[in-house]
Each structure stands twice: as C-alpha cells, then as structure tokens.
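Pasting a structure here, questions to come.
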Amino acid sequence: MKHSLALGTTLFGVWLLWSGHYTPLLIGCGLVSCLLVVLLSRRMEILDEETAPVHLGLRPFIYYAPWLVKEIVLANIDVAWRILQPRMPIQPTIVRVKASQQGEIGRVIFANSITLTPGTVSIDMEGDIITVHALTREAAEFEESGEMDRRVTKLEVPD
Amino acid sequence: MSTVWGLYNYWIVIFLMMTGFYIVIARRNLVKKVIGLNIFQIAVFLLYITMGKVEEGTAPILPARDFQTGAELPAYSNPLPSVLILTAIVVGIATTALALALIVRIQEAYGTIEEDEILARDREG
Amino acid sequence: MEWFVNIVSGLCLVIGSLFAVIGGLGVLRLPDFYTRMHGAGITDTMGAGLILVGLMFQGGFSLVTVKLLMILCVLLTTSPTASHALAKSALHFGLEPRVVEKEAGS
Amino acid sequence: MIQAIDILVLALLACTAVSVVRMRSLWAAVMLTGIYSFLGAGWMLVLDAPDVAFTEASVGAGIATILMLSTLALTSTEMKRPAASPVFPLLIVGVTGAALCYGTLDMPHFGDPNSPIHQHVAPEYLKDAVPTVHQKELKVGIGNIVTTVLASYRGYDTLGETVVIFTAGLGVLLLLQGPRKAGGSDGREEGAP
Amino acid sequence: MFVTAVAAIIVTMSLALLRATLGPTVFDRILALNVFGTKTVLLIAVMGFLTGRPDFLDLALLYALLNFIGVIAVLRFSKYGHFADPELGR
Amino acid sequence: MIVHSILRIVAKLLIPYILLFALYVQFHGDYGPGGGFQAGVIFAAGFVLYALIFGLGAARRSAPPAVVESLIAVGVLIFAGTGVVCMLGGGNFLDYSALDHHDPQHGQHLGILIVELGVGITVAAVMISVFFAFAGRGRIR
C-alpha cells in the first residue's frame, strides 16, 4: 500500500510536470491515468520497494550525484584524450570488484555508476562480484580502490 | 542551381523508393522483401511530408509562438499530409504484421522462405 | 545576465558536441567490441549531458527545462543498463575481450 | 539552414538504404531498418510534422523491429545468395527511377508556399475551420490542427483506418493462433489460452 | 551554437552508421544502434530549439524510453533466438 | 537465482513511466503532438518490455489474451458508437457538435477525446495481441 501511494504520487507529479495544461478535465484524466497505471503495476507484480525506492529518500541526489558527476567528467576527459591520440594508449584490463551493498537496488546503482563512468564498464554481475572491463590500468585501479563502493553503501545505511 | 536544391528532396525520395523496389524484385528472401517494402513505404511517407512543408512555416499546432522571443511565427505548414500519413503509418505496421504472419505460416508449410525454393516445391506438386 | 546565460549554454553545447564527436570517433576507431563501449559511454554521458544542460540554460525556468531534465535522467538510467546488458550477453555469447596481461608493465 | 540539415539527413537516409540492400544477414538488415526509421522520424520533425514523427518514432522504435525479429526467430536469420543476376532488376529500377525523376521536373520546389497543395482544402482547415471547432481553445491559445482534422473533419477516414487495423490484427490472430500443422508444440507455449 | 551541435550530432550519427555497417560482430551493430538512438534524442531536442518550438520535447522523451526497449529486444533475440522463455528476468 | 537483476530493476522502474507517458500522449492529443494512434503503440511497447524481461507467461497473466482480444473490438465500437450517439442527438454520423447542443465547441472537444480513446484502445490491443501471437509461437524444425 505504501508503495502504491508513493508510486501514485510520483506519477501524478510527473504528469503535472509533463502536462502544462491545468484544466479540470486534464487533471481528472491525469488522476485516472495514474490510478490505472498503479493498478496495472500491481497486476504485473512489479510494485515493491524496487519500483518506488522510498527508503533511499533524497540521499542519492544530495550526497552521491555531485561526486559521481565529478568522477564522470574527469574520466571523460581522460578517455577522450586517449582516443584522440594517434597511437591510442589503452591497456584493456578486467578486474573483479566486490559490491558490499545489502539491497539489490544499491548494487544496481553501483553497477550503473561503474558503467556511467567512461573507461570502466561492468560486464557481468553474479552475486556480489561485479566484473569490470577497464580501458586503462588507472581506471581499473580506481575501481579496485573501492571508493565508489563505499559511497554507494553509505546511501543504503543512514548514519 | 535552384532547381537542384528545390528538387533534391524528391530525387532522394525517389532514390529511396527505388532502393526498396530493388530489394523487392531482386531478393528472393521473403523477410527481406518485407524490409524492402518497409523502405519503400517510409519513402512514400517522406514524399508526402516534403510536399506539406511551407518555407518559413511551423508545425500546425496552435499557438505558433517562438519560444524565446514570443513572436508569432508567420505561417503554418500544411496539416493535411500529416493527417493522411499519420494513419497510414499505423495501418502500415498492422499490414506488415499480417505479412510477417503469412511468412511464418509459409515457413511452417514449406520449411523455407526463399521464393525460388517455394516455387520449386510447388512445381513438384 | 542574458549574455552570460547565452555564453554558458553556448559553451556547454560546443563542448558537448566536441565530446559527442570524440565518442563517435572512439566507437569507430577502438580495436574491439568491449573497448568500443567506452567510446559509446562518452557520447552517452558527457556528450548528451552537456548538450542537454546547454539547452536547459536556454530553456530558463519553464516546463521545457523540466522535460529536458527528465530526458537526461532517463538517458542516464537506460544507457548504462543497455550497455551492461549488451556486454553481458556478448560475454556469455563467448566474445572474448582482448586484454593486456596484468603483470606486464605498460 | 533548415535546408542544409535537410540535405545532410537525407544523404544519411540514402546511405542507410544502400547498406540495407548490401546486407546479407537479415539480422543486420532489420537493425539498419531501425536506424532508417529513426532518421526518417528526425527528418519529419525537421519538416514541421511532429505528429507524424511521433507516430513513426513509436512504431519504428517500439514495435516494427520487435515484430521483424520475432519473425526471424521463427524462420531463419541468414539469406541465401540471390541466384539471378542483378542486371535485369537494376534495369527496371533505373528506368522507373528515371521516369519518376523526369516527372519531378514539373513539381513545385521544396517549401514553395504557392504550390497547388497549399491552395485547396488546407487553407480552409487552417483559417476558417479551426477557430470554429476550437474557438474556446483558441482563446486559451491551444489546438492541434492535425488532431482536429484527423478526428473531426476526416472522421470517416479515421474510422476506416481503425477498422483496417482491427481487420489486420484479426488476420494475424487467425493465422498464428490456429492449430499448428506439423511438428506440434515444443513445449514453449506456456500459459497459452 | 545550435548549428554546431546539430552538425556534431549528424557527424556522430554517420560515424555510428559506419560502425553499424562495418560490424564485424552483432554486438557492434547493437552498440551502434544504441548510440544512434541517443543521438536521435539529442537531434530532436536541439532541433526544437533551433526552430523556436521546443514544445515537441515529448518526442525526445519517447525516443529515450523506447530506444531501450529496442536494444533489449535485440539482445533477447540474440541470446535466446526466441521470445518465449522467461529466463531473462529470473 | 537472479541473473539479470540490473535489467529487471531498471525495467521495473521504467514500465510505469512508459505506460503513464502513453496515457499522457493519449489525452494531450488536442494540445500537442500525439493522439490515439501513437498512444496505443507506446502502451503496447510498455507491455512488450514487460514481456521481454519477465517472460511471456507473466505478461499473459497480467493481460489475459481473451481480455486483450475483446478490447480490439471495444475500441472500434467506441468509435462507431460515438457516431451513432451523434445521430441520436440529431446530427450526422460522427458530427460531434450534436453531442452538446448548448455548446457545439464543447461537443467537438468531447467527441474528439472519446474517438481518440477508441482508436488508442484498438491500436494498443492489436499490437499487444500481435506480439503475443508472434512470441507465443514456437519454432518448427
């Protein structure tokens, strides 16, 4: 029920942001649509804490996103520089990283962050071991250092 | 020169149509033929849309104001080709689905979707 | 103020375009499939991100900006997922990544 | 400048079409068709037809590729080499194309506001008809002329199109949901009706 | 500057198209398709501003959502060769 | 065993928004680009994504084929029925002004909305059942 409510509220907010026309008819249509979508999601059995991750709150946006953006920009510049050089100084490497997150969604955030950072792509995930393909040795070492892992884990457990 | 640029769209569209046409008549594989038909189909859509464009025009959705300056835009493009093609696209995908269903049945009946093999099997009786 | 916003958004657009083209070059030039994914990563993060941010500056405080933000969010969610799924099935398909030995010095 | 974009996108479309012809793997051909449809939708947006672009986008990216792929899954993914020589088809295509190109010489130029298509019917829809239907909306300041024409002025046409889709869907269901002829089920039809 | 962006996007598109044509593996083509989809989203967004009517961003959003489905479908097909098994999600 | 958990979770996150987007397109056909045809296809695409990730069986359980197939006809009936209601109201077939005698504009607006809904239902149902039909057919060797 909590998840239905959370999803429904979010969906209605999104509808209002998309719509831009606030007549009674359209807002009514929006309410009906949100209700229909929530009912369908329940029917599809996709409505749980993974669809509406209320327990994470706003923490990912406040603590994690700025750091991630910084990392992405730095990695981008590095990889772009390597691509532009005629000889392309790359050392493709494969490393295995342990994900210390408890929940599935934390692991998903971690794996997607790895992929989002250019220079590293998560190519497999079995249990809590993520296989990472890195373009350079430095990128591989950065992943092995586990800083990203710690930061994602912090999101799950409030201090 | 103005002739070339004024008619460029039509020529490319004709080129696309002929590409689709070529696939339909030169390839023996039925799925490939459907792909050719699709290319032909989209080329026809593009031909219609090209004709609907008016210079300096904007999409036929009111109000036509420039987002930043707020100025009224001078003209609308023609809505009629849009209307005709909009329905044609969805009908096109429905008929493509029908063609693909027929191909699946042909595969099940003949064991192949190559045109010449199907004809050969038919001749055998 | 107007000119400042214009300059910032112009810069974002130009740098974003640059990164998009570099990523495209990477997709074309890099030696094997797994390394090409990194090139695609550049176009998807920095290229798309900066171009959309540049457009957001142009949009100002309006629903247009909100929509651009949503597009960015959707792109940043789907593109790594698609990449991951792609790499995973390539790996299971048996496509071996070309790697340098870990011990060998660079 | 719109014209420059137009030229570039069309050139890309032509390249894509040529690569579709050259692909022997049906797989790759289907994927390039997807790219072709992407480009087509982008181009329609450039030419002020967002509604059509929307439809093409949803159909091309959402459904067409998937249907083609599921057909390939049921048949075969490789095409056999064309047996006949390509000279005869090329000749036919060349002659037809040349005739069509000759025909375009009489066509109005791209974007010409005085071309015949803009002289009849459409001006009535745009100037006279739209305010009467959407007078209230016009005062608020909104109205999609394409939808108005589609659903109201050409309502019969749209009803017909809907019935065509209905019939096509029925046809697919009749063809594919019937009892299978040979071989029988290989156990994959879990949850079948 | 919008023009620069459009030009860059079209250049990237042609590079991706080249990769899709060259292959060599199926996965390279899918990667090119994915890049192409992202570029289409950007092209549509920038075109909206270029013509002064960014109300049509819905289209870009649609592409961003649907491109994912296309890639997943292609993958699913390449992996299993058919659509009937529920293994992918389990 | 959870193999593709990333894919599953992201799909779970996305599917409600795809469906909502389809409905948004459906109801905003009067104001921006969109309408029944597009909305139907997008809605079906959302279901297709669900079927791709969670399997055809799950998709068939959440959208029973019998219901979907009857919706095909329901959409056409809504469209044609609107026309008949117009005739009962004293107008011509599909002349929506007859839906509201006091305010023909409102009638037109209402008529377009209902008709688009019919189109959307038909298109979505056709696309979903076509996909089910293709995907559910096993291969013959």
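Per-chain numbering from 1; labels A, B, C, D, E and F assigned in written order.
What we mean here is this: a contact is a pair of C-beta atoms (placed from the backbone, for glycine too) under 8 Å apart; a residue touches a chain by one contact, two chains touch by 3 or more.
Every value quoted in this text rests on a predicted model; they were computed, and no experiment measured them.
Q: Mind listing the chains that sit against subunit E and also against subunit F?
A: Looking at subunit F and subunit E together, the chains touching each of them are B, C, D.
Q: Closest chain to the overall C-alpha centroid, by per-chain C-alpha centroid: which is it?
A: That would be chain E.
Q: Taking each chain's centre as the mean of its C-alpha atoms, give the chain farthest from subunit B.
A: Result for max centroid distance from subunit B is chain A.
Q: Where the centre means the average of the CA atoms, what chain is farthest from subunit F?
A: The chain farthest from subunit F, judged by C-alpha centres, is C.
Q: Please tell me whether A-F or B-E has the greater number of C-beta pairs in contact.
A: Looking at contacts between chains, A-F has the larger number.
Q: With chain centres taken as the means of their Cα atoms, state the distance from subunit B to subunit C in Å.
A: 31
Q: Taking each chain's centre as its mean C-alpha position, how far apart are subunit A and subunit D in Å?
A: That pair's centroid distance is 35 Å.
Q: Using the average of all C-alpha atoms in each chain as its centre, how far is it in Å between subunit A and subunit C?
A: 15
Q: So the centre of each chain is just the mean of its C-alpha atoms; given that, what is the distance between subunit B and subunit F in Å?
A: Taking the mean C-alpha position of each chain, the two centres sit 24 Å apart.
Q: Give the residues of subunit C touching no fewer than two other chains, as numbers and ranges.
A: 23, 25, 37, 58, 64, 67, 70, 74, 77-79, 81, 83-85, 88, 90
Q: Hey, what residues on subunit E touch two or more of the other chains?
A: Those would be 13, 30, 32, 49, 51, 54-56, 58-59, 61-62, 65-69, 72-73, 81-85.
Q: What parts of subunit B, by residue number, touch at least two of the other chains?
A: Only 58-59, 61, 67-68, 86-87, 89-90, 93-94, 97, 100-101, 104, 107-108 qualify.
Q: Which subunit F residues qualify as touching subunit B in the complex?
A: The touching residues are 31-33, 35, 37, 40-41, 123, 126-127, 130, 133-134, 137, 140.
Q: Please output the residues of subunit E touching subunit C within their complex, sorted ascending.
A: Counting only subunit E, the residues touching subunit C are 1-2, 4-5, 7-9, 11-13, 15-16, 18-19, 25, 27-28, 30-32, 34-35, 38-39, 41-42, 45-46, 49, 54-55, 57-58, 60-61, 64-65, 67-68, 71-72, 75, 78-79.
Q: Please give the residue numbers of subunit C that touch subunit E in the complex, ascending.
A: It comes out as residues 9-10, 13-14, 16-18, 20-21, 23-25, 27-28, 33, 36-37, 40, 43-44, 47-48, 51-52, 54-55, 58-59, 64, 67-68, 70-71, 74-75, 78-79, 81-83, 85-86, 89-90, 92-93, 95.
Q: For subunit E, which residues are in contact with subunit F within the complex?
A: Residues 55-56, 58-59, 61-62, 65-66, 68-69, 72-73, 76, 81-90 of subunit E touch subunit F in their complex.
Q: Note which residues of subunit F are touching subunit C in the complex, please.
A: Contacts found on subunit F: 4, 6-7, 10, 13-14, 17.
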